[in-house]
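Chain naming follows the written order as A, B, C and D, and within any one chain the residues start at number 1.
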Amino acid sequence: MTSLDRLLETHPQKPTTNFDAVAACLSACFECEQACTICADACIGEAHSDMLRQCIRICLDCADVCATTGRLIARQAQPDEKLWRTALEACVQACRSCAAECARHESRHEHCRICREVCERCERACMELMAAYPSGASAAPRH
Amino acid sequence: MTSLDRLLETHPQKPTTNFDAVAACLSACFECEQACTICADACIGEAHSDMLRQCIRICLDCADVCATTGRLIARQAQPDEKLWRTALEACVQACRSCAAECARHESRHEHCRICREVCERCERACMELMAAYPSGASAAPRH
Amino acid sequence: MTSLDRLLETHPQKPTTNFDAVAACLSACFECEQACTICADACIGEAHSDMLRQCIRICLDCADVCATTGRLIARQAQPDEKLWRTALEACVQACRSCAAECARHESRHEHCRICREVCERCERACMELMAAYPSGASAAPRH
Amino acid sequence: MTSLDRLLETHPQKPTTNFDAVAACLSACFECEQACTICADACIGEAHSDMLRQCIRICLDCADVCATTGRLIARQAQPDEKLWRTALEACVQACRSCAAECARHESRHEHCRICREVCERCERACMELMAAYPSGASAAPRH
């Protein structure tokens, strides 16, 4: 159990159900922010960075969206269900678009291949968190 | 014309249509990030801050969502249409939830009243930007 | 008086002295975050973006540093003096480095010229805020 | 080796020296951002959150400073030495102040104890990265 999982466990309004899905999504979002930030910078540093323009941009966008989604998920207590859902949908879209763009360059750039894998993992974690809270039900018990 | 409007004007792939909607939304998002950050801190500092818990949280969420949306909009060239749309939807929801919560406290706290107005302005600017790009059409010309 | 200035005015622990320096620095930091984000993206979009690598990177760094400094300043109450000072020093350095790099490209790229001006303005606002709180004195009255 | 370490390894201008110190500091900054975000929210949710005001604020500040420092470190190529150093100094200060404040509450709140440990780890990682680049020397080889 990581320090962050233990931290979530000690939250006075910790998620009583779906703890694992919350912890996994939180971790995946921050991993993806870091991967996209590194991949954008690596793309900027490549010899033909002008061929990687779109990849740089979507990596920067995906890093920002993942960072914000991670922070929303970290705020455990009384989340706003509608906001959670739209934020997770934006994050799924960011990861999907970034993975698709990175896939186009992964035969030449290993950083794009790794970044694509991290984006796919984050997309899955967001989908699983959304699935854990069926639409119409509250995203989490309100206190 | 502000420095930021002039900066947008000099972008090599500046928005050829809807320039005003883009500039207005960009400015509204960053104004809202600041307002929500100040309002959260003011709420933390109030005598009965435990009554303002939900307000503090939604202000922090709204600040993060607006910051990310503002950055996405600032990246003018080749925006990913689906990502733009889901991010704007999340921003509309954040502003709406934050305005609703601030409205509950605005008779006692002037900072909540001002923050509510700024959130409503940002929500409107996001809606107008979405309306400027009808669904199905590209969010912006791709180069 | 802007909405944000009025918000600061209604904060329960608003800065009793140096209100103008605080408000000016807050505004300058967020303006600079936006300018650097737009300039980075404009540089990425230029024909010879590989010549602008260092400019893209320092713009991204400066945007992040200004965003964080702006948020710290927005949290008015009981700021940690040492943290304030080191954060303002990092922000001065980010603005200075970014202005110097943008200056190298401003004859060819108008967005670099405008971004350089905004960085210089932010650097000045940070210096003035540091000057308003002589070292050794508390950054602000603690409550 | 984590995905992020492998990503750093594939960067075209990866740190030739001090790779481990860079990777460790990057990871510590993002862990600290998450810990401080969770601890701030947990403090807001406690019964006597008005006693935790200062803790909430410094956690929010520390989260923002760590996020920005992490992003600066993730941008491997041609870092600006002076900016790196001032940013790391601000991060050391943020972690130190946050650890000191959390320590005051850790007998009552386990999340403060864990957060204090994470802050101390991040402070150490920043110090070690600064030590790896003696002042006066370039922060990293410039290409």
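Quick note on the criterion: a residue touches a chain if its C-beta (ideal position, glycine included) is under 8 Å from a C-beta of that chain, and two chains touch if they have at least 3 such contacts.
In this text, all values refer to a predicted model and were calculated from it rather than measured experimentally.
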| item | value |
| --- | --- |
| Winner on C-beta contact pairs when B-D is weighed against A-D | A-D |
| Chain C against chain B, contact positions shared by both copies (same if over half, else different) | same |
| Centre-of-Cα separation between chain D and chain B, whole angstrom | 28 |
| Whole-Å gap between the CA centroids of chain A and chain D | 20 |
| Interface hub residues of chain B, defined as touching at least two other chains | 41, 44-45, 47, 53, 57, 60, 67, 71, 75, 77 |
| Contact footprint of chain A on chain B as seen in their complex | 53-54, 57-58, 60-61, 64-65, 67-68, 71-72, 75, 77-78, 80, 82-83, 86-87, 89-90, 92-94, 97 |
| Residues of chain D that touch chain A when the two form their complex | 3-4, 6-8, 10-13, 26, 30-31, 33-35, 37-39, 41-42, 44-47, 63, 67, 70-71, 74-77, 109-111, 114-115, 117-118 |
| Residues of chain D defined as touching chain B within the complex | 41, 44-45, 47-50, 53, 56-57, 60 |
